[in-house]
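Okay, so chain A shows up in both of these, paired with chain B first and chain C after.
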Partner chain A sequence: MSGTVIFFLVLYYVVVLGIGYWAMRRGGGEDLEGYLLGGRQVGPIATALTLQSTSMSGYMFLGAGGLGFAQGYWALWYAAGDIGGGLLNLSVIGRRMRKMSQMMGALTSIEYLEKRYPSPAIRLVAGVLTIFLLGFYVLAQLIAGGKGMALVTGISYPLALAIAVGIILIYTFMGGYLAVAYTDFFQSLVMLVGVMWILIAALSELGGLTAANTALSELDPTLLSVWGRGLGFEGQWGVVAGAILIFSVGYMGWPHVVTRHMAMSRPATARRAGFWATIWSLFFVPAPYLVGILAILILPGLDDPEMAIFQVAGQLLPAAVTGLVMAAIMAAIMSTADSLLLQTGSIASRDIYERFINPRASERQMVMVSRGLVVAVAVIGYVVALVEPPTVFSIVIFATSVLGSAFLPAYVCAVWWRKANTPGALASMIVGATVAFVWEYAGLVNTTELHPMLTGVVSSTITMIVVSLATQTISPVPAYILDAMGVSSKVGPIPERFLAATEFDLANEAAAVGKAIEEDSQDG
Partner chain B sequence: MFGLPFETALLVFGFPVFWILYMVVFLYVSRRWDRDSATEDDAS
Partner chain C sequence: MAREGRLTIIRERVDSTTALQNVAGMTDDVAVVVEGSVLYPYIAFTARCAVPTMIGKKEITVDCLVDGVNGHGATADSFSTEQMVACDEVRLQSKITDGEARRTAQRTVTHRLGKKLKLIAPFDVQLEAAGTVYKRFWIIRIGDGRIMADSVTGNMHPLSASAA
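Then we have the complex of A and B:
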C-alpha cells in the first residue's frame, strides 16, 4: 500500500469534511426547508455541478470503463445521451419545477408529486418505490467504493467495504442539502481532473487516439464499430435507443436529481446552470468509456473489466496522481451516495412516517427516522455487497431504468400537460416500474432486442396519456393547480397569493373534503 | 477521422455537436428568463 496514495486520500477526505462543515456553519439548516433544500439559495454553477456529480456515480468509473473494455466503441451510445442529460433536465423542467415547488410548498420530490397530483396513494406508491430503488442504487455505490479501495490500498474487500460504508455514513450525517451541494461542487472538479488525467496518460502511452484506434482495429476491427465486440448488437436499435434515453431523458425521472431544481436560488438559475452542466459533461462523460476502450490495449489480460480504470491508473500514473484519481473515484461514489441516502432518509421521514404513520411527529423524531433508515439501508447494502456482489453496471442499469420509467412522465407532465391527473400519474408510475422491472428481471432484452428503459418509458407515457384522458370527467385537475401551472409557464414573479404555501395545502385539503362530501351525498 | 469508421466518428463527435447546438438554442430561447424571479419583491 503506497503511503502517497493514502496521504492524498486522507487529504481529500479532510477537504471534503471541511467544506461540509463550512456549509453547515454557513446556515440553511435552521428549519426543514433549510435542511432539505438548502433554503432554496443554491446558485447556477453549484446547481449544475451538484446535478451532474449526483447523476454521475461510481458507475462512471466502474460500469462505464467496464463497458468500454467489454464492447469497444459501442459503449459510447450511453455517453451520447448522457452528455446532454443535465441540460435536457434543466431546460425542460428546471425553471417550471422550481416555481411550482415553491408555490406548492413542497420540500421533497415525492411531496411535490402528491401536491401536483393530489392523493395520498401517489405519495405512498412513489415513496415506497423510490426508497426501494434508491436502496439498490446505494448498493452499487458501496460495491464500487469497496472494490476500488481494496484494489488501490491492498486491504481485503470486506474491510475496504466496511471503511467505504463508514465514511459514506459519517459524511451523510454531517449536514443537510447545502453541505451536500457544496461538497458536490468540489467533488465534481476532482472527478473531472482525475478522469482527464487518466485519459491523457492512456493516450500518451499508446501514441495518440489514431494510433490506438489502428492498434484496436488490428486486434479486432469490430471494437471500432457502433455495434459492439463481434457485432453482437448489430441492428438492435431498440437497445441503442434505450442506451441513449436512460441517461438523457431518464434523469428527469430520478427523484434525487430533480430535487436540485427545487433548491435553485431563482427559477432563472436553470438557464446558466444548463450552460455549466453542458461544459462539464462534454469533457467528463466520454472520458471513462474511452479509458475503458484504451485499456483493451494497455491491460490485455484483465480479469474484471470493471477494474479497467483503476488498473490503468495504477499502471500508468505515479503514486501521487493515483491518489488523486482514487480521490476522484471516491468523489463520484460519495457525491451520489450522500444524495441518495439524504433523499431516502427524507422520503422515509417526511413522505412515509410523518404523512402516514405519525402526523404529529416532531422534527427530532423525523431526523431519527431519517437516520435510522439511512443506517438500515447501509447495513443491508453492506451484507449484500459482501455475500454476493452483482456488477455495478447491472445494478445501475436496473435501478435507473425502473426509476426513469416510473417517474419521467409524472415529472414532465406535472409542469407541461394540464390534463395530467392523479389516476393517470398513479397508473403511469405503476405500469412504467412494472414493465421496466419485468423486462430486466425476465431477461426480455435478449429475446426482444429492446432496452428496458425504452419499453418502460413508452409504456408509462402511453398509460399517462390514456388514463388521464379517460378519467377527465371523474378526476379533473383542480383549478388551483391549473392556476399554479399557468403561473409557472410564464416568465415573471410568483404572485403573492401563492407565496404562503399553506394556502395551497388548504386548497388541497378543501378539495379532498369536498370530494368526500360529494361521495357521501351520492351514497346517500 | 482518428482511424474510426464513419458511423463511429459520427457517434463520437456528432452527439457532442448536437448537444452544443441544443445548448445554444436553449440559451437563445431562454434569454428573457433573467426577468423571472421567485417573488414579486425580487422582481422590483
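Then we have the complex of A and C:
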C-alpha cells in the first residue's frame, strides 16, 4: 500500500501547486492586490470552504475519529456545535467585522483588536496569548503529521515525526501564501469526498446504520447514549455545554479564523458564505465522528483510537482511494501547520519584537526572530511529540478552549456592544485565558463537571461587561469608533462618505499641515 | 513653506466640491466651506520585489511614498502624476534627505510586504526613485474647526485646535 499512497501524496501536491500557479496567474498580474486577493474574484463558496478547512485541519481526521471511537455517540455533541459554527461565526461577526476592519484599516486580527480597543497593551497581550496557543495548535499538527506519516510509509514513529517536522519546516520556509483560498477550496472538497467515501464504505461493511447500532448496543449499550461510554458524563450538562460551545461560538474567538472575515471581497459575501459553510458542514462534520464510532466494530483491537479513520480507510478502501484520501489528510495537516507557524513567527517578529522589544530592529533581525521562533516551536514540538505525546484531541481542545475564552467577547463586543472599551477588553482577555487554562491544567473539569470553554467564556464575558461599565468615565469609547460601529451595523456597502471619514493614518500629515497653516496665518 | 514653482503632483480624484459634500454629509446644520488647499511633499519610489513562493520567485511591484516632512513610509496604490505650477497654495518643504528616504522606503516595503504575505524568508527589493511628488489636501472649515481632506483618497483628518 505504501507505494500507491506515496504516489498519490506526490500527485496531490502537484495538483495543489498547479491550482496555486493557476490562481496566481488568474489573480491578475503583478500588483499586490492581485497577488493577495486574487483580483478580488473569490466568491462566497470559496470563502466558506476556506473558512471551514482552516477551522478544522487535522483534528477532524484524528481527534474527532478518536473521540467517536472512545466515547461512542456522545462525541456528536462536539459535532452538533461544529455544524452550525461556520454559519454562526459568519452571521454574528462576519459582515460587521469585515466592515469595521476596512473602515479602521486593519490588516490582521490582532491589529484589528488594537484599533478597536486603542492601546498597545491590547496588542501585547493578544500577541503573546496567540503565539503561545498557536504553538500548541502547531504541536497537534506535528503529532498528527508524524502519526499519519508513520502509517502511510510504514516507518517508525520517531523517524516519521522527524520527516513530518522537516517537511513542514521546508514548506514554511519556501514562502508565504500561494493562492490559499483556491488551494483550500480544492482541499476541502477532497476532504469531503474522502471522508464520505470512508463513511459509506464503513456503513456498507456493517450492513447499514441500523445494523451497526444494533451491534454497538449488543457490545455496550452506553455507546449509543448521549452520556458517553459507561455513562461517564451522565448529567454533566456543563461539560456538554462546553462541548457544543467550543466549535460553535468558539470559532469567533480564534484569531487565525476570524482573519478570514476581514479578507472577504464584500460584506454581503458573509450571508451566502454562511449558507455554503452550513451545507458543507452538514455533510462533513458528523462523518469523522461516525467513522470513529463504526471503527469500534470494524477495528475492535485498535490500540490508538486517533488512528481510527486511517485504519478504517486502509482496511476497507482500494489502495488508490486510500492513497488519495490519506494524501489529502496529510496535505491538510501540513498546510495548516505551515500557516500556523507563519502566523506565529510573524506575530512574534512584527507585533512583539519590533513593537515592544526593539523598535529599531533591522529586517535581518526580524527575519532571524521569525525563523528562530518557527524553528524553536518545531524543535520543542518534536521533543514533546516524541517524549510524551499528548493526544491531538486534548491539545486542540486545550488550545481552542483558551483561545475562545480569551478572545470571544473581545471580537463579538467589538462590533455589537458600543460600551465595550479598552480596559474591559484587556481584562476580559486575561481573565478568560487564565480561567480556561487553570480549569484545564488543574483538572477542574472532573470535580466541577464544567467544561473549561464554558467557564472561560462565561468569566471573560462577565469581566468584559463589568469592567467596561465601571470604566466608562475614565476610558470612553472614542467617537470615531462608535461611528464606525454604527455603519457596520447597517446592511449594504459602506457609504463612500464614511469610508472617507474614517482614515486614521493621516495623523502625521495633519500635525504638519496644522502647524504650517498656523505659521502661514501668523505670517500673513 | 513656499507658494510658487513648477511641481509634480499626484493626480486628484476628489475635487474640492466633492470633499465639501463629503464633509457636509457628516454634519448637521453646521456651516462648511473650503478655505483652500495645502501641497504636501512625498518622496516616491517604485519597488520591484522578488518574493519567494513554492514555485519559484514572483515579482511584485509596489509603489512607496515617504512622508517628506515626518519621514514615515507607506506603501501606496498605483497613482499617476501631473505637472502644475503652484500659485496660492501653502506648500510644505521636504525636510529629509534622499538617503534617509531610500532607507525608509526599503524598510517600509520589506516590512509591509513581509507582513501581508506572511513571509519570513528574505526577499530582494529594488528601489527606483521617482522624485518628490506633492499631494493636495483640501482645508475645510466646519464651524469653529478645520478638517483636511485627501484629494486622492478622500480620507479626512481633523486639524489641531490651534490650527483652527
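Keep this in mind: the second predicted complex is superposed on the first by the 439 of 524 C-alpha atoms of A that agree within 3 Å, B and C clash if a C-alpha of one lies under 4 Å from a C-alpha of the other, contacts with A are read in each partner's own complex, and residues count from 1 in each chain.
Throughout what follows, contacts are C-beta pairs under 8 Å (C-beta built on N, C-alpha and C of every residue); 3 or more make two chains touch, one makes a residue touch a chain.
Keep in mind the model is a prediction, meaning the values are calculated, not measured.
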Touching partner for A:S217 - first (chain B), second (chain C), both, neither: first
Which of chain B and chain C A:A270 touches, first, second, both or neither: first
First (chain B), second (chain C), both or neither touched by A:V367: second
First (chain B), second (chain C), both or neither touched by A:A80: first
Partner chain in contact with A:S346 - chain B first, chain C second, else both or neither: second
Which superposed partner A:V226 touches (first chain B, second chain C, both, neither): first
Comparison of chain B and chain C by chain A residues contacted: C
Touching partner for A:A427 - first (chain B), second (chain C), both, neither: neither
First, second, both or neither for A:K99, with chain B first and chain C second: first
Overlap of chain C and chain B interfaces on chain A (superposed complexes): 496, 499
Chain C contact footprint on chain A (complex, rising order): 17, 20-21, 24, 30-32, 35-36, 107-108, 171-178, 339, 342-343, 345-346, 349-350, 363-364, 366-367, 370-371, 374, 496-520
Chain A to chain B touching residues, read off their complex: 40, 73, 76-77, 79-81, 83-84, 87-88, 91, 95, 98-99, 102, 209-214, 217, 224-226, 265-268, 270-271, 274-275, 278, 281-282, 286, 491-496, 499
Residue ranges of chain C touching chain A (in the complex, touch as defined): 1, 14, 21-22, 25-26, 38, 40, 51-55, 58-62, 67, 69-70, 72, 74-75, 78, 90, 92, 107, 110-111, 113-122, 137, 139, 146, 148-150, 153-160, 162-163
Of all residues in chain B, those that touch chain A in their complex: 2-5, 7-8, 11-12, 15-16, 18-20, 22-23, 26-27, 30, 32-43
